[in-house]
Amino acid sequence: MKVSEIRVLYADTDQMGVVNNVNYLRWFEIGRAEWLRARGKSYKEIEASGCQLPVVEANLRYHAPARYDDICEIFAAPSNVRAASAVFDYQITRKSDGQKLVSGSTRHACIDGSGRVRRFPEELVALLNKED
Amino acid sequence: MKVSEIRVLYADTDQMGVVNNVNYLRWFEIGRAEWLRARGKSYKEIEASGCQLPVVEANLRYHAPARYDDICEIFAAPSNVRAASAVFDYQITRKSDGQKLVSGSTRHACIDGSGRVRRFPEELVALLNKED
Amino acid sequence: MKVSEIRVLYADTDQMGVVNNVNYLRWFEIGRAEWLRARGKSYKEIEASGCQLPVVEANLRYHAPARYDDICEIFAAPSNVRAASAVFDYQITRKSDGQKLVSGSTRHACIDGSGRVRRFPEELVALLNKED
Amino acid sequence: MKVSEIRVLYADTDQMGVVNNVNYLRWFEIGRAEWLRARGKSYKEIEASGCQLPVVEANLRYHAPARYDDICEIFAAPSNVRAASAVFDYQITRKSDGQKLVSGSTRHACIDGSGRVRRFPEELVALLNKED
């Protein structure tokens, strides 16, 4: 599901004239945050209810470079939702020509306020399993 | 006082082929942290003792651009230490030729754990006023 | 003039629970880029026409902290436009309550493709002097 | 091979009180750059000789969180060197207790100045295959 658009800043580029590889993990964060918000529950609310979802794994494939001032579309969706972990998948494309730029995923654990692994609340599992 | 050296990363550059202006505030943080450490008290310890020093003002002058792989020297020193605020002054130079790259300052308030402005502990005032 | 809105990412916060001071210079870039775009000329086009506007000075005053998931409004406008330099002024406010968060400015030189200082093209001076 | 040490900045932390996941890709860059330098050839020199090594894939596993002011050790080494791509493997550990924090890898293509995929120069293959 397309969840957001973002415009490439000068500060995102490097001297190769393209978006530096380190920047896309920020856009992945936007992806999962906006997917959750679109489903009716912000990550801020999830956290306030006693559940943090730190990234425990991230994978990125860089297909083509984004360039300064490009508008990029962020697609995100959960997958592989388990009792105490879930995956988000992402795709970043350039809006003007649909070029796939970066795809990837992040895996998240569920921990409570004191850092202990816990099971997802049922409500959150339901949310993550909702069809797009 | 020279407090640290840092090497420019590819991720710090932008498509003009120079370090993007947003990156120097990170180096200012290194500057004040290492000045304090060299004086015998890390910022982590200061914070643990109930005193936070958020940046309330920052000023930067960009004299010449740093480039990829340059080693930059960070100079830092406090100035204008008052009851509840203090200034740090910075200078960033390129090591190879001594070229002045960026100069500037940050002003810091002193707040307690609950965010209220407080006076600096005496010990910290003494530390900040110590001659280089 | 309000030129953009941006939502605070988790990655923008620090362990004080607020947006770290280094992040606002990115938002200043968004401010001036979107001001120019709203006036009919993107910075990308200006650059393509042979004129780069590097930041030669930046000043920031932090009035109150932005927090995770806040929507921030970015106001920007040029001021003090001269033959070969111009200033942009910025204000960042929280949308929910109008709280002023950060104000500041950046001063820009005008350089040609080979890095030499040049005068602004007349068209750009006219653009920067247009009333809001 | 241990190639560098880096100290966690306040700006690297997030409101969970740990280093935000987006920051480690910067440290991976330090890892491969310093491995190459230790082998006698900086990435800057490689690039000047007509060979760029963009990241085409990145994988990160977050084992434990780094915290403010931690000194982190960066280990890096190439693996799986082929005609036109190579992998770097990384491990980030906390110096004080040896705790493994993040491990991962980046895969790099070899492209020439105009962005076309090319084979690695022989000299670079030899360098990457040198035993630690």
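Residue numbering begins at 1 within each chain, and the chains themselves are lettered A, B, C and D in the order written.
Going forward, a contact is a pair of C-beta atoms (placed from the backbone, for glycine too) under 8 Å apart; a residue touches a chain by one contact, two chains touch by 3 or more.
Predicted model, so just to flag it, every value in this text is computed and none were measured.
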item	value
Chain labels contacting chain A and also chain B	C, D
Third chains touching both chain C and chain B	A, D
Distance from the mean Cα position of chain D to that of chain B, given in whole angstrom	27
Euclidean distance of C-alpha centroids - chain A vs chain D, Å	23
Interchain centroid distance [CA atoms averaged], chain C/chain D, Å	33
Chain D residues counted as touching two or more neighbouring chains	10-11, 16, 18, 21-22, 25-26, 29, 68
Complex contacts: residues of chain B adjacent to chain A	10-11, 13-18, 20-22, 68
Residue numbers on chain D that touch chain B, as the complex places them	7, 9-11, 25-26, 29-30, 33, 42-44, 68-69
Chain D residues within the chain A interface of the complex	16, 18, 21-22, 25-26, 29, 52, 54-62, 65, 106
